[in-house]
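Please read the structure below before turning to the comments.
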Amino acid sequence: MSDAPPQAAPAAEDWTAPELLSPTERMAAEALIVDVDGFEGPLDLLLTLSRTQKVDLRRISVLQLAEQYLGFVERARTLRIELAADYLVMAAWLAYLKSRLLLPPEPGEEGPSAEDLAAHLAFQLERLQAMREAAARLMARDRLGRDFFARGLPEGVSLHRKVSYDATLLDLMRAYARIRTKDEFRPFVMDREHVFTMEQALERMRGLIGYAGDWADLTTFLPEGWDATPMARRSSTAAHFAAVLELAKRGQLVLRQGETFAPIQIRRVPS
Amino acid sequence: MTDTDEERTLFEAPPIAEQERMVEAILFASTEPVTVADLVQRMPHGADPAEALVYLRKRYEGRGVNVVKVGDAWAFRTAPDLGFLMRRETVETRKLSRAAIETLAIVAYHQPVTRAEIEEIRGVAVSRGTIDQLMEMEWIRLGRRRMTPGRPVTFVVTETFLDHFGLESARDLPGIKELRAAGLLDSRPGPSFGASRDGAEEDEATSGQSELFED
Amino acid sequence: MTDTDEERTLFEAPPIAEQERMVEAILFASTEPVTVADLVQRMPHGADPAEALVYLRKRYEGRGVNVVKVGDAWAFRTAPDLGFLMRRETVETRKLSRAAIETLAIVAYHQPVTRAEIEEIRGVAVSRGTIDQLMEMEWIRLGRRRMTPGRPVTFVVTETFLDHFGLESARDLPGIKELRAAGLLDSRPGPSFGASRDGAEEDEATSGQSELFED
C-alpha cells in the first residue's frame, strides 16, 4: 500500500523512456492509461509517474515529470481515451509550468517564479506520499476487535430513579390553615345587580345622540332609576362617560367641561 | 495460519504464567462464560487451562473483579461488594401533592388521628396511596388503635417528620390564631379564591396555596 | 438526597487499595473507556481515581489484559500479543476504500482540517460518502469552525478512533513527529496556482484555498 496503488504499480515501473518501449512495456503503458479510473486524480497519477524517476521525491525533476505527464495525456489522446477534465487542467498547467521552466523569466514578471511553482508541486507530491505511508502504518497498527479486545461481557450500569418528596413547614402550616378556615370562605360572586356596563351605555347613547343638537348635561342622559343608590349612580355615570368618550373618538359628538368637577356637556356633531 | 498448528506441536506448551495470561484474556474478551473444553481448544497445544485457571482465580481473589464459575464455564464478574458502583441513582425531588400535605398537616395537628377523622376534617376521602406515601417517607406511622367500636388504627407523626420540619415536638406547631397573626392566613376571601380553590387536588396545589395567602 | 452528601464528608475516603478495586470493577464492567470525571462521580466522595489508576495500571502491566489510556478515558483491553487467541471474537469490520483510509489519515495527522484542505492534499475532491462513512463509524467528528472567511467546518478524530487504533492521543500517531519536523504537516499554501490548477474542484476549492492561506 505504501508503494503504489495496486492497479497501477506494475505499469508505473516501466514508464520511463517511452520511445524505447518493448511490446510488453507498451502494453503495460497502455494498461496505465486504460486504468486511469484507478487513479485518484491527477496528483495521484503524478505521484505514480514520479516513481519512475527512482529518486527521492525531494530531488525529483519536475520538468521531467511534466514531460512524462504530457506524454501520458498525448498517448491517451492517440488511444482515443477520454480523460476527465481535471487531468486535462493539470496537463495545461504542467505545459505552462514546463514553458516557464525552459524559458528565461521575462523582465518585470510578477507572481511566483517557475521554481517556486515546481517546488510546491514537489512538496504536494511528497506530502501525498507521506500521507499514504502514514495511512498504511495506521492501518497496520494493532486494532480493537482484531488484535486486542474490549470486555466481551460488559456489566451495564443499572439506573435507579429515586423520587424524593419535599415540603416545608410553611407548606404544612398553610395547608392546615386552608383546611381549618375553609368554612369561613364563600365563593366570591361578582355583584352584577348594580353595574351598568359601557357596552350598555354605548348602545343607549347611540339612540340618544340625535337629541343632543345643543349642549346638554351628560347627567340628563342617565337611565331612569340609576341614581337611586350611590353605587348605581357611579356605575351608570362612569359607563356613560366612557361611552361618550368613545363616540367623541368616532367623531359623532363633542364634549366639554367648564372646569374641574363642573358638569360634562355633550353635543352632536352635525353631519 | 494452518501451519502454526503444525508449528505448535513442535514446541513445548507455553509456561504456566503465560497460559494464565491467555486464560485471562480469553475470559475477558468472551461474550459468554467459557468452558475448560473451550479453553483447551483455543489455547496452544499442550496447554493446561484448568491449572492456569486455578492460578488466575487465586490472583483475582479479593480484587475488584473475580473469576467465577457459571455452570461449568468461567467468567469475570464484579466483586459482589462493589455492586453499588454498578448502580447509578438519580434522585428527583418533587413537591408533595396537596392531598398529601393536607393529610400530613392534619396528622401533625390532631395526632393520634384516624383515617375517618382525617376525611372528616378535609371534607374529602383520603386515598390509600396518600397514606402509603407518607408512611413510606417515614413522616407518619401507625399509632395506637383507638378504643372505640371497630378499634380503628390511628396515625401519628414520626421523629423523621420532626427532624425534617425542624420541630421539637408536634405541639410546637403554631395554632390557627398564631398563623393568622403571622400573616400566614388571611380569613377574608379574595376574589380569586372561588375560582382557584376547588380547582384540583393535583399538582397545582402548591401554586394555588401561594396565591391564596399572598394578598 | 442532599444530606447523604453531608454524611459522606463525615467519612474518610476509602483506602487507596479499596479505590483501586473500585476502579478495577468499573473499568472491567465497561466496554467503553471511562473518563476520570465519570469515575469520580461513581466512586465514594473523596476518592482519587487518578491515583488509583496509577496503581492499577502498574498491576496489570504484562498481564493478559492491560489498563490503557484512550484520550481522557481509561479501559481494559486484552494484550495485543494475545490477539491470535481471540480470532473467534473478531468483528468483521467493513473494508474501507482507499479514499476513506487516506482521508482518515489526513484528518488524524492534520486535525483540525477542513474539507478543502483534505482535497488540497489528495489533489482530488472528497466525496460526500467518504466523510459520511468515517463519521458514521465514529472515527471522525466535526471540530470547531475555522475562523476564516466562510467559517468552514473542520474535522478531527474521535476517542473511538484512538480506542480502535490503540492510541493514547493523536500525538502518538506513528511517525507524526518526523512528519512535522519535515514540514509535511504544515498547510503550506501553493504559490497562487490554485486558480489555474484545479478547475475540477471548482468553487469549493477556490473558496477553500483562501482559508488555507490564512493560517
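Lettered A, B and C in written order, each chain numbered from 1.
Just so it is clear, a residue touches a chain if its C-beta (ideal position, glycine included) is under 8 Å from a C-beta of that chain, and two chains touch if they have at least 3 such contacts.
The model shown is predicted, which means the values in this text are computed figures rather than measured ones.
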Central chain (distance from its CA mean to the mean of all protein CA atoms): C
Far-end chain from chain C, centres as C-alpha averages: B
Centre distance in Å when chain A and chain B are each reduced to the mean of their C-alpha atoms: 44
Euclidean distance of C-alpha centroids - chain A vs chain C, Å: 26
Gap in Å, rounded to a whole number, between the CA centres of chain C and chain B: 37
Multi-chain contact sites of chain A, meaning residues that touch two or more partners: 149-152, 155-157, 164
Multi-chain contact sites of chain C, meaning residues that touch two or more partners: 1, 28-29, 42, 76, 78-79, 82, 86, 89
List of chain A residues in touch with chain C within their complex: 5, 40-44, 46, 84-86, 89-90, 92-93, 96, 111-112, 116-117, 120, 123-124, 126-128, 130-135, 137-139, 141-152, 154-157, 164
In the complex, chain A residues that touch chain B: 149-153, 155-182, 184-190
Chain B - residues contacting chain C, complex: 4, 20-26, 28-31, 42-43, 62-65, 76, 78-79, 82, 85-86, 88, 91
Complex contact set, residues of chain C against chain A: 1, 28-32, 42, 75-80, 82-83, 86, 89-91, 93, 98-99, 101-102, 104-106, 108-109, 121-125, 163-167, 173-176, 179, 182, 184, 188, 190-193, 196-201
